[in-house]
Amino acid sequence: MVTEVAARSREEIAARVAADLAPGAVVNLGIGMPTLVAGHVPAGREVVFQSENGVVGTRPLEPGEHPDPDLINAGKEPIGLVAGGSYLSHADSFAMIRGGHVDVTVMGAFEVSAAGDLANWSSGTDAIPAVGGAMDLAAGAATVVTMMSHLTGAGAPKLVERCSLPLTAAGVVGRVYTDLAVLAVEGGEFVALELVPGLTFERLAAATAAALRDGRDRVPALLGERRR
Amino acid sequence: MSAGAETIDKTVAGVAAALGEVADGATIMVGGFGDSGIPEELLAELLEQGARELTLIANNAGSGESGVAALLRERRVRKIVCSFPRSSGSVWFERRYRAGEVELEIVPQGTLSERIRAGGAGIAAFYTPTAAGTELAAGKETRLLDGREHLLEHALRADLALIRARAADRWGNLVYHTAARNYAPTMAMAARETVAQVDELVGLGDLDPEAVVTPGVYVDRVVRLRREEAR
Amino acid sequence: MSAGAETIDKTVAGVAAALGEVADGATIMVGGFGDSGIPEELLAELLEQGARELTLIANNAGSGESGVAALLRERRVRKIVCSFPRSSGSVWFERRYRAGEVELEIVPQGTLSERIRAGGAGIAAFYTPTAAGTELAAGKETRLLDGREHLLEHALRADLALIRARAADRWGNLVYHTAARNYAPTMAMAARETVAQVDELVGLGDLDPEAVVTPGVYVDRVVRLRREEAR
Amino acid sequence: MVTEVAARSREEIAARVAADLAPGAVVNLGIGMPTLVAGHVPAGREVVFQSENGVVGTRPLEPGEHPDPDLINAGKEPIGLVAGGSYLSHADSFAMIRGGHVDVTVMGAFEVSAAGDLANWSSGTDAIPAVGGAMDLAAGAATVVTMMSHLTGAGAPKLVERCSLPLTAAGVVGRVYTDLAVLAVEGGEFVALELVPGLTFERLAAATAAALRDGRDRVPALLGERRR
């Protein structure tokens, strides 16, 4: 159904998110695809990446850089620290998150509802439960952004009227970046801000299992302009 | 951060730019304990600017003729939330308080710092054993936890925090000097805007990342002011 | 501190003396996040000693064949309180959990670290917005505060905390290395006894008093263990 | 009534308290007379003095030592820092106090009751209220010790059946050091552990407005042996 459109790759979605990060924003990147965002920040733009395990100012390792085995991100991958970065305890790190000092959290999602409900911690199967920092980030970050494929592997929409999977937090998602579009979540509906080349609004609507409004006349606001 | 810039620079020139505009009725946290860690020049600028009906959150209620005392003298303060308003030089607080011109909310020092920490950490309220069974428990919800009476205490937040630190970089990372640290790191977390006056600006990366006390995340503006006293 | 001594010396020789005697049924906090900051040798000694029916409080539930995973394999663990038990190598946790041989209390990571902090800070319970309206709120008391639903969460304390740090002095003051800090400073506050394995011992006064992360007040025993990896 | 006995001076009471501080104890000294204790710790004994404004390891200034205007104790007097000391924020300092990590707090008192109730923050007059850290210390420290004159300036006992002044905390005082005696507070009564030379038990009992038991056969246990 959406096969001939210029769907974005994972790296392209990451680059699209990165382009919208405001200079100076404090940003937490979730495990998996969101960590790719750090590698796509426009040259010269300073964005502060926070990792919930107690690092402010993470950066990807340089090619060939010797990793410090203790210096990892929340996904347990080796990282580096930028000049201006610092270390803090887990409790202090989550105080920062819960207290609303992280401007943007970028997370993967199984489902996002038109009300901004987020389901991304439990697949609802009998898998062993594991929540990590997802609920803290979803409840605490000033702006919650998800990045994900628009459809599941089985072709089912991930943007839904009501989540069927266990919630991570209710009414929190503000922006969604998928392989097909950039969407806002506002007033109980999805708003298409930008479609990938070759995709019509109607086809995006068909791939979205909830009300979809056309907002392509709007320029997506930068994420995380400091308002504290 | 200056408009349109791609890099982060929280340093500003001059105390007026650092303070920014303070609205009448604002709630302001003021760092310091006794004379240690008081953001004196920021408080002088606040006086100069003229905002009124302020609520101040601070350990003390000022002494002598400057800082919080001067704000009280000039009748800028509607309410003070503090732990220890009385001191040998707290003349202006006492005068305004006895005349019924300033409201006082007295809070045990540890409860005060924890309420500020809760405000910064997104904890809406907490149970503490401090002050249970005392006059300061009047009107507060109590609860028996672990076999002991506790009081429910609510988070404190502010529009603005004014603090002093020893050194900063352009990202607003802060380190302090000895006991002048006191309330500053916690207040920096609990205010919508935090302004720090510092003795020294250093290059980005010059502060040891293991030793940064206040990450720049919590700081909005930094101004360097030369201090007259030798450190 | 050795009996009868007038000075403070929390350093001990050897991991067995550091761990001390651990009773069956003890509650133990274990520092670390993934492989960063794990007190591996202390955990190996705990396995060697043989204490059973343990309750562990940790971010993860172990992976591979050492540390927490080995304790699970040897059926020493009655319950784990953690945030993220699942990982590519969490084979022993999964096996024991699926067989109903270990109880799991799953806690959001920020709530876990805050509950530990509350235990250390004498806060019996607190209200957090995290997990409100989710499955993990089941059975928890809720309260509307500042117009938002919050959950009541209770402090966590332990009989013992096992942590790793970079360096210590004989008073037990600790500094850490990069992200290995994670849970250690908070767990050190929340346990009746805290034992730290460190890479380096330094003279009293050699640690910068502005940069000490864990004051020795929170530490009972320190053991230096040479680490094989280069740091 | 007690005029010919060898009543202890303020410095002598402080020295008597200091002699009972266990090596390694973490001790908070209240404003006023308790700060004198730091100057009387037996030579060679390491005691960690904590000041609630964020200093672990305080010491009196050396004679002629140049004071750091920022480095003060809770009484706002200039102090020094010992090797092994460190600085922390107010919130972290009171986490230490409230969390029970301060082994001993030594405070002045207006009144102490036989139940261990402490009144030392409000004189009950129309003075402007000021509580400082007294309630936190009284509620949080593992052992609460008071040091004070046995009688008020007007000759009234400060050790009473029930406090008449506003409480700082209920049921917390464990040991009392006065100019006349060292007393334990146990099981709802005062126990005289040690009397100054020339004082009889009967005269101490007469100067104490509550039940007094004779415990002079006991050696006062050291204060603050680490038990955490």
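Here the chain labels run A, B, C and D in written order, and each chain numbers its own residues starting at 1.
To be clear about the criterion, a contact is a pair of C-beta atoms (placed from the backbone, for glycine too) under 8 Å apart; a residue touches a chain by one contact, two chains touch by 3 or more.
Keep in mind it's a predicted model, so treat the numbers as computed, not measured.
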In contact with subunit A as well as subunit C, sorted by label, we have B
If you average the Cα atoms of subunit C and of subunit D to get two centres, how far apart are those centres in Å?
-> 34
Let me have the rounded angstrom distance from the C-alpha centre of subunit A over to the C-alpha centre of subunit B, please.
-> 34
Could you please state the distance in Å, as a whole number, between where the Cα atoms of subunit A are centred and where those of subunit D are centred?
-> 55
Enumerate the residues of subunit C that touch no fewer than two other chains.
-> 114, 117, 121-123, 128-129, 176-178, 210, 213
Residues of subunit A that touch two or more other chains: which are they?
-> 81, 87-88, 94-95, 97-98, 140
Touching pairs of chains in this structure are A-B, A-C, B-C, B-D, C-D
Provide the residue numbers of subunit B that touch subunit C in the complex, in ascending order.
-> 114, 118, 121-129, 143, 145-146, 148, 150, 154, 175-178, 208, 210-211, 213
Could you pull out which subunit A residues touch subunit C in their complex?
-> 51-55, 68-72, 76, 81, 87-91, 93-95, 97-98, 122, 127-136, 139-140, 166-170
Residues of subunit D defined as touching subunit C within the complex = 23-24, 26, 42, 44-46, 48, 50, 56-57, 81, 83-88, 94-102, 140, 226, 228
In their complex, what parts of subunit B are in touch with subunit A?
-> 1, 5-8, 117, 119-123, 169-171, 173, 189-190, 192-193, 204-205, 207, 209-210, 212, 215-218, 220
Write out the stretch or stretches of subunit C touching subunit A in their complex.
-> 33-37, 59, 83-87, 90, 93-94, 97-98, 104, 106-111, 113-114, 116-117, 128-136, 176-186, 213, 229, 231
